[in-house]
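There are two complexes below, and they share subunit A, which is joined by subunit B in the first and by subunit C in the second.
Coming up: the complex of A and B.
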């Protein structure tokens, strides 16, 4: 069991709650393989598919502008069956219904894999920086916030939230082969609905912070150290220790590699 | 790129307006940006590198967030969170730069603002500069109203400047500043605009530096400036504006 299992269930409850409240909900089931995911896309996906920013005047719809609110996070579990592989749930209006609008935006990505654990958190987080990887889709993120724009060209080609889900799934699955199942939830229905999602995100962030703390501890850093290292007289000592730790870690890695050979 | 001075050869115009304080850099930048937009150089990115936001107010705009604010936030996050904080803040730079970008139809603005965090913080400046460089490709041109000289632009804003326009008013000090700019970037990348220079004054320009044109003293412009009215609202036939149209033509951008 991973620490996020309870929150994966909470997300399912959240969707049901939204359904009970009469929100417009669309569910898509897309193929599992990366190849098939990419085949169904109206835009290119890959490094440099969307270089630079999309200006507001070239934007068809804006999602999660800081003025309207946003929320984004990832959840993962070592029980792939907890995640409905290929399911994309959209709560609220989709891109084609939102010409020239600025919508609040919630994005939750759920991943399952028997080998997924705390060690993968960092890698999964970095896979999420897809700023330049989806043609006609610009994304900027900040802790739990996500701010994105869909270009007029991409919207004209039929890019929708199902496409976004497909694109993200293909990026994550090809980036980390430990992901066996993946699901995406997008919420555009209103600021209040995002707020509810953000309440879950706040809890998730506390756990995430703990995972990050532990990860860095293993590497020899105490991220709770509130001191300003640059003004600390012991900085050279710490720097030396860090060098030793780095070298030690390198040696251990080498040892593991030769053992594996 | 020119190997000697680091100035870029023509890709797209990234123009930096420099000169001694008080020569009229901001007024010229405001008028030139209006003319560049009239001529179709859009979308245009305007960078106000003056800490007190002269260009912003000269065209009637206001920036809530500044790049200095982004930089200060980054540094304080890095202080608070050590390596992890710095890493996270670096990931978030693009988010806050987009937030600092004032976007309008056909043009966008970035205000440098005033750094509260004292000190060099070269790595932070470099990250910020890279992020600004990342914005540039989407624009047809960039105009920077620089606080001081090209060294400040290279250090803090972008290394992609293609042309430096030095504004002079005929005074010895403004000519000394011009000489300094030429010394830094080489004469082939520097052009001069004479602002409020009396017609009988003959400017002794450094060798190889071209004079793009002169802007005459103008009462209406002076009145606009005094009253804080946006200079983009000057009457189309205004003499100073007409002079800047000539200067823009001499820049051979279109």
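Coming up: the complex of A and C.
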């Protein structure tokens, strides 16, 4: 999967551009393994880690309210070396510097793995539905944006964007063992900077649409086909192809399971 | 009670008695515009849908069938067609239609535009693209801007742009409150009847009090009261919550009162979300006029229920299901498979396969959300109860 490689490089250029413009940039290098990522985190990470709702009165800071700007997307590649494993880059103020305000929020997650391909796209997207997996962090996310809250308790425990990066890395790496390297970028510096990131997201989305198209084809749905299947003379051929593709995918999955055993 | 009372204002007679210049549409319109302009706006589809909640609903639906529209058409639209053809709708001052969000509403719009007694009424037709990118949002936003010019030309009164900004600010505030309540529904047990989301949306957008301070007060009270219940760990009064389910379609006129209420009371099964309740509303961007209309366009094409579900891709439809199930801790998905929603029904197998893949129990019902004669509430309840039992949820 090389279609996102150019955009991984664009993200690196974006960071350098922000640096050149004098933005405050902090870089953290965190461990690679899931176990080490979780160690030393001030909050719990995992299913039901955040069982409650973070109410308005319990909110320390809100990130990515659309009124101030929000952008989120993922990029992945089959060249793990393109991604700086364990690097978390923060452009702009961190949570403790937020002064209880609402911060604009951009989040880009980059993943590398030799076996990461188009078929992993859907799973990687759904791993991003963090739900209740990070204590003190409640997410409301939609297409290309993330709107979240950090609780006062979590902030008091020292939860910061580095913590968020580590938590997300542990969630993704636990959720998909094909991820060999992972990097996170968080942007809180301003609406204009988020807009620049959003311009990259717009280009990325064109590619993800093609991936989605292919994913549905493998499932047996040709979303480009405008004909009604029941009246199409090619239906038997399509049905055969679908069966072959399904069998192939099943075999591949079986092969992976026996490899893992 | 306040919201329910206001919703009765959406039925035929109160609509016909609306004050001021009367604008009629076939579907949703940016309600901020008529509110700021000072005219009434009525959505004929909604009026028809509300007709199916009246005591004489069966008679109205049957009269709708007699108008000769296609037999499988949504019954809300059939009632609207009957109202139109029978001359029961007050003659509007102008008509604004669009081709969204479904073919049936588009057909209703065509009927309105071709209705001979109204041949002299100025008409404005908007074209909603079936795409969701910046260009599409701008394209539709431009048409909304042109709709204002059209209204000004026909009604002879200029829009007060400052007042429109104020209305948009109020609307944004109300949307934030709706979204806040939505977040509170994530609490287990659910602290308030989730149907308040749907009622709140309808109250906010469609009633005579639309985008008013009364709505803001109501929503503030709803959110504050629910927050207190969340803090106390309380569930819905009198309900022992056992199952949370997603109803992936419109609620309809009879299911909330005759089905969901019974499921809640007798089985502890809570309907966490339906089309109307699922808010993905980004605020109206007031940084410039162009930004405002583009964000109107985005709201209309990507976020407004049921434009989001009907106009968009199956991938987005499925993605929403999975996100709602995860975020709101749903135990099951119920596809009502309303007979009038052929767009949704073309996706039933896909949704079922996806749910099976993800281990989410999924039931396809096959009801008519506007006509309870098609599948009675008792039969629907039994089917859902059996589904919950056979999947081990109760």
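Criterion: the second predicted complex is superposed on the first by the 219 of 261 C-alpha atoms of A that agree within 3 Å, B and C clash if a C-alpha of one lies under 4 Å from a C-alpha of the other, contacts with A are read in each partner's own complex, and residues count from 1 in each chain.
Keep in mind that, in the parts below, a contact is a pair of C-beta atoms (placed from the backbone, for glycine too) under 8 Å apart; a residue touches a chain by one contact, two chains touch by 3 or more.
Worth saying up front: this structure is predicted, and the values here are computed from it rather than measured.
Enquirer: Quick check on the superposed pair: does A:202 touch subunit B, subunit C, both, or neither? Answer first, second, both or neither.
Expert: A:202: touches subunit C, not subunit B.
Enquirer: Looking at the overlay, what does A:28 touch: subunit B (first), subunit C (second), both, or neither?
Expert: Neither partner.
Enquirer: Touch check for A:129: first (subunit B), second (subunit C), both, or neither?
Expert: Touch partners of A:129: subunit B and subunit C.
Enquirer: Go through subunit A and flag every residue that touches subunit B in one model and subunit C in the other.
Expert: In the superposed arrangement, which is not itself an observed complex, subunit A uses residues 51-53, 55-57, 66, 129, 131, 140-143, 145, 212, 216, 221, 223 for both subunit B and subunit C.
Enquirer: Per the contact definition, I'd like the list of subunit A residues that touch subunit B in the complex.
Expert: Against subunit B, the touching part of subunit A is residues 51-57, 66, 129, 131, 140-143, 145, 147, 212, 216, 221, 223, 225-226, 228-230.
Enquirer: Which of the residues in subunit B come into contact with subunit A in the complex?
Expert: 43, 79-85, 88, 91-92, 94-96, 98-99, 103, 105-106, 108, 134-135, 137-138
Enquirer: In the complex, go through subunit A and note every residue touching subunit C.
Expert: 51-53, 55-57, 66-67, 125-126, 129, 131-132, 138, 140-143, 145, 202, 212, 216, 219, 221, 223
Enquirer: What does subunit C use to touch subunit A in their complex?
Expert: Result: residues 133-134, 172, 179-180, 183-184, 186-188, 227, 230-231, 280, 282-283, 302, 313-316, 319, 322-323, 326-327, 329, 350, 353 of subunit C touch subunit A.
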